[in-house]
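Both of the next two complexes hold subunit A, though its partner changes from subunit B to subunit C.
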Partner chain A sequence: MSEIMEDGVSRRSVLKGSIAGAGALATTGILGAGTATEAHAAGKKVSVGSNQSDPAAKKNDAAWVAAAKKAGFDVKLNTVDHNTFQNQISSYLQGTPDDVFTWFAGYRMQFFASKKLATPIDDVWAKIGSQFTAGYKNASKGLDGKYYFVPTTWYPWAIMYRKSVFAAAGVDPKTIVTWADFLNACKTFKAKGITPIALGDKGGWEAMGTFDFINFRTNGFKFHMDLTAGRVKWTDPRVQKTFNNWKTMFPYQNTDTLDLDWNAAAQLVLQKTAAMQVMGAFHASIYTDPADLADLALFPFPEIEKANGREAVEAPIDGYMLSKGATKNAANAKGLAGFIGSTGYADAVLKVAPTALFANSKMPKPENAFARQQVELVQSCKYIAQFFDRDSRPDFASPIFSNAIQKFLGGGDSVAIAADLQKQWDALPSA
Partner chain B sequence: MSTNTSTAVAETPQRRRRRGNSFTAKDRAVIGGLVGFPTALHILLVWIPAILTITLSFCEWDGIGGIADIKWVGFRNYTQIFTLYADFGPALRNNILWLLALALVATPLGVILAYFIDKELKGTKFYQTAFYLPMVLSLAVTGIVWDYIFRNNGFVNAMLGADHPGHTISWFGDPHKNIWVVLGIASWRHIGYIMLLYLAGLKSVDPSLREAAAIDGAKEFATFRKVIFPSLRPVNVIIIVVTVIESLRAFDLVYVINRGKNGLQVLAVAVYENILGESARIGWGAALATILFVLCIGPIMLYLYQTFKADK
Partner chain C sequence: MVTGKSSKVGARIAATILFVFSLVWLFPIFWTLLQSLRPYGDVLKHGSVSWPQHLNLQNYWTALVQSEMWKFFINSVEVAVPAVFITLFLASMVAFVVSRYSFKFNIALLMIFTAGNLLPPQLIFIPIFRLYLNIWVPGWINENNVLYDTQLGLVLINVAVQVGFATFVLSNYLKTIPKEISESALVDGASVWQHYYRVMLPLLRPALASLGVLMTTWIYNDFFWSVVLLKTGAKRPITAALSNLQGEFFTDYNLLAAGAVLAFIPTLVVFFTLRKQFVAGLTIGSTKG
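So, the complex of A and B:
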């Protein structure tokens, strides 16, 4: 699921001790413990570092580890709290990392590859390459053109809604194609006393999805990728077009966006007080009642500029990388990477997570209707973005951009915000 | 210094030297060990990291690679933080507000509470426990309790009749309001802490001092101000230091509420986000930590200097 879903308390408690002023150097190697040194049962020993700390995700890990065991791998799984894993990733990779570790496609994967903290796996891809489409192949390569990543699962972002709420208001989601259609539907809901769009941005990252969509619908996919990578300036007038288009949504959003996190906003949709949420497919995770889940559906974010259509989508890809330490255990680690890329991995996870979507193209189409909708959505798109905080620099996305978005949602002046963003981008160290 | 005290001053070193000579070699080894070991630990775990942090604050480093990858950039981090970093202004403002709120409201209230509880009024034990309770509760619990009180459909809004969707008062989400709510919560915790520290001090005040003051005809307030308060100077120093440190290292409360964003920026969160987060802007974060360090140490040194100057 999203790497930035927050459980602030747990992250805080882990790191509480190290924030007092002088902690700069104190944290290296917190995650370094636990390489595969223990003598275990027979099998090809590989250690795997996992950020899958949620109960549901843990079940997925257990399932594929068991399958890997049957395939002859003795996997030693080190699961670390999701946020901690992410925050400590660079000291983890520099310490004594596990041979294989969970990570994300996009800028973040390429960053560690270019810092020589990952092992290239072209030989693995020579074996598994035929099972992946070109989009996944490209998403798995570093800037040097070598493969560094094995994609496993993914999920798209779209507009989530309940079919019953739309039916009761007499709105057909299939007719929502253009921005005008979308705003009209919003008007209908508002007139019926339903909040048209539920948005929560307490964590600062949730609304990035909406920004991304409006930006590449307004200015095109290339502009969006150039902007997130810093090749276009934030002071470019096209950025203002994006912000202005977003403002047309404001009258239809709940007013307490900064009080709610994604989960609280999703609850509004679940409880039928709001009609839609721009969210990742993990929106479904709060639908515990199967009847509610069957009522859940999605439709693509509407078109804004005709030229850009609805040809781009956000669909972050999760997967695995090999650490630089894996060279010591290269045969086993690469063997396991091959297994992770195979349908053996996907079959095992599918058994415990029927709505999961796999990168491996040899997997059968999902049976679950909501999952099938997600596949169709992504297949209809020409361009796939990873999400702002995976496409942009981490030292920009979290500490700088998330605060700017909150300021914008709080009614801040978008011209001043954009100028501020550019100044802060310019002050970033050269990557 | 006047001349008649100077003889007394001249005498003391002699006496001290005599006493010093009576230490055996073993004594010295033991004392050296007792003093030396903690000192070495202190230097190793506090001063060396602190000096390294200050050094790093003049550098650019992404936390990857060794010393060769650290680039010296002089004061650039500082100038950029002061001129470009959008969160620095709000963070500094909030830390100063925090200091003012604790120093001018919470700490005096804690002292007053301690004073009354020391009078052994009826139900003293209950009040003492009640006031100290916030300090005992884990922050997660504190966060949940206050969230119930101030959330959009929470207690306060219900009392104000502002709990209908669309008409709620956003206590935690509005960047102009949330800092005041948080300062209230921080004060709520701080009062009990100061009360307990001060109460311990008051218990140690020699009762004969009070009696003497009473015999001299001093009123309640005058006794406190002229007799008790000055005799508690060591406790006062501790309280000032605790107040300054508590307010400048503020982190957990805002982090629990909204990760220290949107009106609740504080310097400690900025340090954390830049150093420990995935962004790993070590030099930049170290510069923020150094600014925080200077802010902490400044008022404390000033106060200690004043206090010990007056002692002489």
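So, the complex of A and C:
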């Protein structure tokens, strides 16, 4: 894909920019534990498989690889385009994988860890642990309690909107706290001829974000995690509550949801024909004009059940894992994993992606206003979800769940859809 | 008179239908070309279904140079060219034997070759993948010493997949060539090799050319095997370069359109170069009584 650089704003820089410092969940830590300094011997060879194929992401890779070289690592980078990398991951890991590879926190990581396709890195975490808060530590562990993952960057999901559109309609996003507030705001926009909520689900994954939010706002975070991991059945009546709450949003969504991908839906917000989109911070990537970008802001998804408040958020964490093949090159691979976990990595990436948000708690807070909003949003939350396709089984999220969501958006009966989902979950081979 | 008039009307109707269908076929190509010339900013401002305000070649430049599509094009050539030649060479030899010599397993042999083609790749890729992980190759081909993740492996799988169909087509074609030619060659004392190489192969040229065009297109367009059998991004073929143009979240469809146009140019070149033989290969044999 290409970066839209016409106005000097790269989407990735915006995206990555969001949360530095995830001082977010952070407490302080002990000093340094820099692993970078330990790697003195020149040219420790390590191969790294990367899905960072977007032009700006490639720059990030080049920056940290150069920094790693200074720290004594000779990194051989193998970049494969993002989508293929994901689709290929299973054969990649069972073949002759690179020592270190890019991956995601959550069940998606635990799935491969429990299949013994990853190398545990408790010894790496003994060195870098002090630089991460408890939230990141938990997100980096496999089901067996061992560490398998080094978190690097993240971005949150929220409701994206343009300040000018809200101002023109006389809606103050700060006053949108409860579900009733939210629907009232929607009504106001609709009366003014603006589509209140832009939703595209052509890809099948986009609307999962909306589902996740409504589900944990309705039934609580624990229920959501239990559901995505299969510990609660889809036939549970609470699932229907989620679907029913979503249906109250339907009159305010655009009607061609299945024809639009997230990008096309986001353009409706950019072009001011729609007011809001429930999206990841990468929504900003289509704003090529700095003036438009300055007009962009976000607010947290409204509360549905008082008991659950607005205490959970989706904030997928990206990072690195060690493949099972890394055991042949364990010392070097683990050394590099330590470097990736250190501020040496984050500093190098920050230089080329000033709005990136880092998991490392030692990184400073971002200067960009939109990025700061993202950090504050996540700081205000008690629970962090990774997004449906990272929290659930890979073979369930897509194509099973993505199809179900599309059916639901197409007007399908939610009871039948839920029953069908459970049937398909039961038919999956045991993980 | 009446028949003349009605046939004229018939011709008109046929022409109209043909015209409509050609529009249906040409429109997507035209649309791709148009979109490939539009900068993304223009689409963003006016929407994708609007008359373009700016047209330029920027997308082509970005695709070819910034995204380094040319490197992937070379990868594709390195796989497609050997694969097509080896396939045609092997298939023509099998076809020669099964159509010129009669022996007990003649038909069975041909059927085995053709039947192999009936298995879809989706069915056999897991065993192939496992197999490739267990086939040793020297270190200068692959530092991991396995056939997996090598372009050699990709050439071999393409040969294996295509050779069945090629054998089937070539043997049918050879059957249309009069036996007398073979007989006179034998009478003149040609060895089996001379019979194949000096007599039959030249006669096969039109069929080889048309098959060559088809195979080049198929192998060039292959995405499946390159995903299954390669893990190194830099070794992947042109089809993979097109997915490189799609972003993690955001895809610039104008750039992708430019990439698609660049990707289909080589197949057009191959087709137009071999067009004469291609058409001859399609029709030869059909007039035989």
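We take it that the second predicted complex is superposed on the first by the 389 of 431 C-alpha atoms of A that agree within 3 Å, B and C clash if a C-alpha of one lies under 4 Å from a C-alpha of the other, contacts with A are read in each partner's own complex, and residues count from 1 in each chain.
Just so it is clear, a residue touches a chain if its C-beta (ideal position, glycine included) is under 8 Å from a C-beta of that chain, and two chains touch if they have at least 3 such contacts.
Keep in mind that this is a model prediction, so the values were computed, not measured.
Enquirer: State whether A:Asp81 touches subunit B only (first), subunit C only (second), both chains, or neither.
Expert: So A:Asp81 only meets subunit C here.
Enquirer: On subunit A, which partner touches more residues: subunit B or subunit C?
Expert: Here the partner covering more residues of subunit A is B.
Enquirer: Per the contact definition in the header, classify A:Lys115: touching subunit B only (first), subunit C only (second), both, or neither.
Expert: first
Enquirer: So, does A:Asp420 touch the first partner subunit B, the second partner subunit C, both, or neither?
Expert: first
Enquirer: Once chain A of both complexes is superposed, is A:Ser402 in touch with subunit B (first), subunit C (second), both, or neither?
Expert: first
Enquirer: Determine, under the contact definition given at the top, whether A:Phe282 touches first (subunit B), second (subunit C), both, or neither.
Expert: Once the two structures are laid over each other on A, A:Phe282 reaches subunit C alone.
Enquirer: Using the superposition on chain A described above, determine whether A:Asn263 touches subunit B (first), subunit C (second), both, or neither.
Expert: Only subunit C; A:Asn263 stays clear of subunit B.
Enquirer: A:Ser91 in the overlay: touching subunit B, subunit C, both, or neither? Say first, second, both or neither.
Expert: In the superposition, A:Ser91 contacts both subunit B and subunit C.
Enquirer: Based on the superposed arrangement, let me know which partner A:Gly129 touches: subunit B (first), subunit C (second), both, or neither?
Expert: Neither: A:Gly129 stays clear of subunit B and subunit C.
Enquirer: Just which bits of subunit A does subunit B share with subunit C as contact spots?
Expert: Residues 6, 15, 87-88, 91, 94 of subunit A touch both subunit B and subunit C.
Enquirer: So in the complex, which bits of subunit A are touching subunit C?
Expert: The contact residues of subunit A facing subunit C are 1-2, 4, 6, 11, 15, 49, 51, 53-55, 57, 78-84, 87-88, 91-92, 94-98, 262-263, 267, 270-271, 280, 282, 285-286, 288.
Enquirer: Give the list of subunit C residues in touch with subunit A in this complex.
Expert: Going by the criterion above, the answer is residues 39-41, 44, 47, 62, 66-67, 129, 133, 144, 146, 148-149, 227-228, 231-234, 236, 240, 243-252, 255-256.
Enquirer: Going by the contact rule set out above, which residues of subunit B touch subunit A in the complex?
Expert: 46, 49-50, 52-53, 56, 60, 62-65, 80, 84-87, 139-140, 143, 151-152, 165-166, 168, 170, 172-175, 249, 251-252, 255-256, 258-259, 261-262, 265, 268, 270-283, 285-286, 289-290, 292-293, 296
Enquirer: Spell out the residues on subunit A that touch subunit B in their complex, using ranges where they run on.
Expert: Per the touch definition, subunit A meets subunit B at residues 6, 8-9, 12-13, 15-16, 18-27, 86-91, 94, 108, 115, 117, 195, 202-204, 254-260, 273, 393-396, 398-400, 402-404, 406-407, 410, 420, 423-424, 426-429.
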